[in-house]
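Got some structures for you, see below.
Each of the next two complexes has chain A plus one more chain, namely chain B in the first and chain C in the second.
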Partner chain A sequence: MKRFLSSIIDGRGFDIGLVSLPLAFLLTLSGLPLLYNIVMSFQEVDMFSLGSFWRPFVGFKNYRDLFAQPETWPILANTATFVVASIVGQFLVGFGLALFFWTNFPGASWLRGLFLVSWVMPGLVVGAIWNWILSGDFGVLNFILRETGLIDGNIFWRSDPGFSLWAVIIANIWLGTSFNMILLSVGLSAIPRDLYEASELDGANVWQRFWTITLPMMRSSIGAIIALGLIFTLQQFDLFAAITSGGPNNASNVTQYWAWDLSFRQYDFAKGATISVIMIVFVMIASVVYVRSTRHEVRG
Partner chain B sequence: MSHQTRDRLLLAIAIILAGIYLFPLYWMYITTIKSGSEMFATPPTFWPTDPQWQIFGNVWQSRNMGRYVWNSLVIACGAVSVITVLGVGCAYVLARYRNIWVDIGLFLILMLQVLPASLMVTPIFVGFSQIGLLNYPRLAVILAIAAKSMPFFVVLVRATFMSVPQELEEAALVDGNSRVGAFFNIVLPLARNGILVSAILIFMQAFGEFVYSKSMIQAVELQPASVGLNSFMGPNTNEWNNIMAYAAIYVTPILAIFVLLQRRIVSGLTSGALK
Partner chain C sequence: MTAQIELTNVNKYYGAYHALKDIELSIRKGSFTALVGPSGCGKSTLLRSLAGLESISSGTLKIASEVMNAVPPRKRDVAMVFQSYALYPHMTVEENLTYSLRIKGVAKAERKKAANEVAAVTGLTHLLGRYPRELSGGQRQRVAMSRAIIRHPKAFLFDEPLSNLDAALRVHMRKEIRALHDRLGATSVYVTHDQVEAMTMADHVVIMRDGVIEQQGSPLQLYDRPANKFVAGFIGSPAMNFLPAVGGQDGRSIILDLGIKQTIALDRAVQPGRPLIVGLRPEHIELAEAGEGVLSAPVALVESTGATCFLTMQTTPELSVVFNGRSEARAGDRVGLNFASASIHLFDADTERRLPD
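Take a look at the complex of A and B:
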């Protein structure tokens, strides 16, 4: 007993104690639910069996039912559109801004940091603001688009099935651009300046320098940022709750909102768990890509 | 073009870009102080003609915001405490050693970091309701947020510990300190700033958390401000000045903390998330 105590104060036991407690906590509150999710996706769960662990197993019935539903494929397609459009938008705008701020003038780093407010704001607040900006009759975005002559009539961003998904995408691009920009700035500042000086002496123009130095040197940061973007986009829930609630008629619904909607609006916990399992597999793949692309960093 | 004019020109462009980017924030504040009719004017006014300052007090009263913000504070403080107490030690060990077990631990943590809350809430809700934890809904939300955000905190704080020279700790051990003593007297004080910044980041996230609170807290008097904002925004609402006032009251403290600590937050974030 004494040896055990002294090991905790003064030896390996100290380290093991420090690391095992949080890991146990994480495994209980994240790992177990993960497994429980998979179990539930093979069970029949309704309001009556919610309280018991031993529910009837139904095999792949939940999965078959899910894919027999007419809305499943459109929602999966929406998710793909949402993810791709958000990532492309965030990345392009973020990269453009990062390149601009990289020119390094007084005040650049402070102003650049200011962009990050979009990222620290609660998602619900961002959603509320964009909900108002995108409003059909009185929204300021429609006003600006009308004044600049881009559109003739008002776009009903939130209630037009053709635009509602894009309403959320616009808000999500705004939300995520700053984070992309900050991480890309870090990557840019790691490129050695003498590479550019050498190529300038060799007569390369701005465009050639970008394609032959900047992009290749940024490859691993870009990989990490796109994987992170995928992870963050698949986590985006608050904007859907605040702007469209997945409507009208599922036109802007995506899987991460749908899973919640099935569980907590329609009380179909088994289906909610099923769609969660499918999406978590995707997220896991993205995070393996992310971990791989930052591996050199993780190992130091 | 002289160096100075170039700098001024770039700064001007940067300010314009920041202005465009931050326009939604400006629009929130400006809508707040517009009167009911001015809000729906076409063309919209970009500077209020008749600012309504009393709206903040009115919304605070009528929406019972004191209670909502208090609940948000309770949840955020609870989550930050749990995460800090558990996460600091974990980050320290993961920074101090380099072997296969540390790699496995880091990999596990990075994988747990990416699970979307809206997908995890189903099993967490069912599990918590079975063990009776939903009778203490704010505690349930605190635990769920802690599990969700701790990996991010560990990754950030680990980067801080990596920058503390190990020789200092070894010197303390040679001088007769125990491991516990060296940890609390030498390592923790040196890493204090990084831990503080990471804790503030986690606090901001928890303060705005929505999915878990919305799903697990049924009683209105225990709900945080994010859920309150959500129930304020009905599908056909037209009280936009009130909603924006609510949002402004909710978000201004976070923005103030951010602007004050901006430099530290940005550098802490970038050192941890990506080197």
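Take a look at the complex of A and C:
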């Protein structure tokens, strides 16, 4: 008791106590499930063995079976398309908006705040709204495309296998743009004004200033936002559940939705866990990129 | 005597705030001009207007005889050294130096050659591969100057470039900048709030207050014949003593009010009874034996740096005296004070303008 008291007074040991609390939390609620998931991907799991931890160990059988399935590669390809297109879309629109609001016209910060609305909305609600927008018969998107003469007939965004994945991508770009914009805005405002003044006096025009000052100075922000984007898009589940449910015929299915589908609708827990492990690898890579890019901040 | 920079009737408004008022300034080619004044006087605004980073509201601004009012900074061909240095943190020293050449599309080999030449002049050769964050304050300062030099601009603009350095380095860099200016034969405009910097470095000093040029001229002109009380008090350290007085009845003397009234003979005519401010530089007052000299006053405080002695007299207003050497006087002693009549500056008590000699 005396030692504990003195540890509070002189601070020695108390810091470890403070750190161990969130560490214990992380370990029980994130670390253990993660490990359990990895273990499960090497086991034979069915409804009857679900309750026990000691299940028959089958090595890489789950992985071999998974890649033997005909839908696996298309779904992985869908995931890649979804991630790349979402990140590119979110980043380009977000960066464009961030640069636009950076010009600081009257009302800029107010308007920028409004953009955050998309970010605070739950994915399911966003999905429901986009269901209406994307609707084949009466959707606003089809109306606009038709009236501008871009398409002749209606596109059935959610039920056409050629479009269903893009329907979710469009909704996801809308959902993630404001987060990109805010993070990039912060990065932009951290660039000292006098760098632009110096480069202007050195003869650089707007375009040259963007390429030689803005982009290099934003390197760490951009690295962070792309790594976070990768993590967030790999987590994106609600939109799939709300808009296409992975259909038709897996045309818009992605790994994160498929893992849930395998585990909790087909009760093939082992395969669900296997898919999750593959995803963990990618998220880990993204996390490393994220940590490294935030550490590499370049500030005068 | 060609003017490299000419400002005629220049005004600058920020909304309702009048930042520059009817600025008339001609900067000779090859000269070193200092803009000096207390903070908020408009000196930085004036410099940034020369650079084009601020637009002027009215008047004409010419650089090398070309009207520059609406010309963007990148086409003015002037280089600026910022107070923060504004080095590009993501570029090495060499890349910082050659940035302007790169923008112009100069070939890589030629850029390297130019960087090496400038680095040799400014002593940066061994630092070319470093990043700004790996440099000391003085080295960053040198990079900022080299970045300006490499361009051979029409004018160098300095915005308080030494204020982030420690005192010893500041004195050193002062000389270095001036030597560089002479070697390059450049036209320099230098903003500072430090009158010592302005006096020691510049050929032409412009003193500003509240957006107005109070006086301009050579450093010694400003020191010897300040146009008004503000300039007189701004130039010189320690600051000039200001004492209330009125013109004597004979028209050739003044009656000083130092708590007790004392009459002092003058070498010029003055209107009898006219309220005056008498300016007396501390370094123009000499100590004399008690009872001798023009004035007599008790000592309030003696401060000595070893080489120089600062005396504060127990008068109202306080009178300070400075001289080289040491003093036997102690606080409370009564001493005599002597000064030449020619060293007296007279200002009108109302307008604070200098009276004609």
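Everything below uses one rule, namely that the second predicted complex is superposed on the first by the 284 of 300 C-alpha atoms of A that agree within 3 Å, B and C clash if a C-alpha of one lies under 4 Å from a C-alpha of the other, contacts with A are read in each partner's own complex, and residues count from 1 in each chain.
In this section, contacts are C-beta pairs under 8 Å (C-beta built on N, C-alpha and C of every residue); 3 or more make two chains touch, one makes a residue touch a chain.
As the structure is a computational prediction, the values presented were derived from the model and not from experiment.
A.B. asks: Between chain B and chain C, whom does A:224 touch in the aligned arrangement: first, second, both, or neither?
C.D. replies: Once the two structures are laid over each other on A, A:224 reaches chain B alone.
A.B. asks: Just to be sure I read the superposition right, which of the two partners does A:42 touch: chain B = first, chain C = second, or both, or neither?
C.D. replies: neither
A.B. asks: Tell me the contact category for A:95 with respect to chain B and chain C: first, second, both or neither.
C.D. replies: Neither partner.
A.B. asks: Considering only the touch criterion stated at the top, classify A:82 as touching first (chain B), second (chain C), both, or neither.
C.D. replies: Once the two structures are laid over each other on A, A:82 reaches no partner at all.
A.B. asks: Which partner, chain B or chain C, is in contact with more residues of chain A?
C.D. replies: Touching more residues of chain A than the other partner does is B.
A.B. asks: Scan A:192 for contacts with chain B and chain C and give back first, second, both or neither.
C.D. replies: A:192 sits against chain C, while chain B stays out of touch.
A.B. asks: After lining up the shared chain so the two structures overlap, which partner does A:124 touch, if you call chain B first and chain C second: first, second, both or neither?
C.D. replies: So A:124 only meets chain B here.
A.B. asks: Tell me the contact category for A:163 with respect to chain B and chain C: first, second, both or neither.
C.D. replies: Neither partner.
A.B. asks: Check chain A for residues that touch chain B in one structure and chain C in the other, and list them.
C.D. replies: Correct list for chain A: 298-300.
A.B. asks: Help me check something: in the complex, which residues belonging to chain A touch chain C?
C.D. replies: 192, 194-195, 197-205, 208, 212-213, 216-217, 219, 298-300
A.B. asks: So in the complex, which bits of chain A are touching chain B?
C.D. replies: Of all residues in chain A, those touching chain B are 9-11, 14-15, 17-19, 21-23, 25-26, 29-34, 36-37, 40, 45, 50-53, 97, 100-101, 103, 105-118, 120-126, 128-133, 135, 137-138, 140, 143, 147, 174, 177-178, 182-183, 186-187, 221, 224-225, 228, 231, 234-235, 237-238, 241-242, 245, 256-257, 259-260, 263-264, 269, 272-273, 275-276, 279-280, 283-284, 286-287, 290-291, 294, 297-300.
A.B. asks: Taking the touch rule as given, give the residues of chain C at its contact with chain A in the complex, in rising order.
C.D. replies: That would be residues 51-53, 72-76, 78-80, 82, 84, 86-91, 99-100, 102-104, 132-133, 147, 151 of chain C.
A.B. asks: With touch defined as at the start, can you tell me which chain B residues reach chain A in the complex?
C.D. replies: Answer in residue numbers: 6-7, 10-11, 13-15, 17-18, 21-22, 24-25, 27-28, 31, 39-40, 42-44, 86-87, 89-90, 92-94, 96-98, 103, 105-127, 129-130, 143-144, 146-148, 150-151, 154, 162, 178-180, 183, 201, 204, 207-211, 214-215, 225-226, 229-230, 233, 235, 240, 243-244, 247, 250-251, 254-255, 258-259, 262-263, 265-266, 269-270, 273-275.
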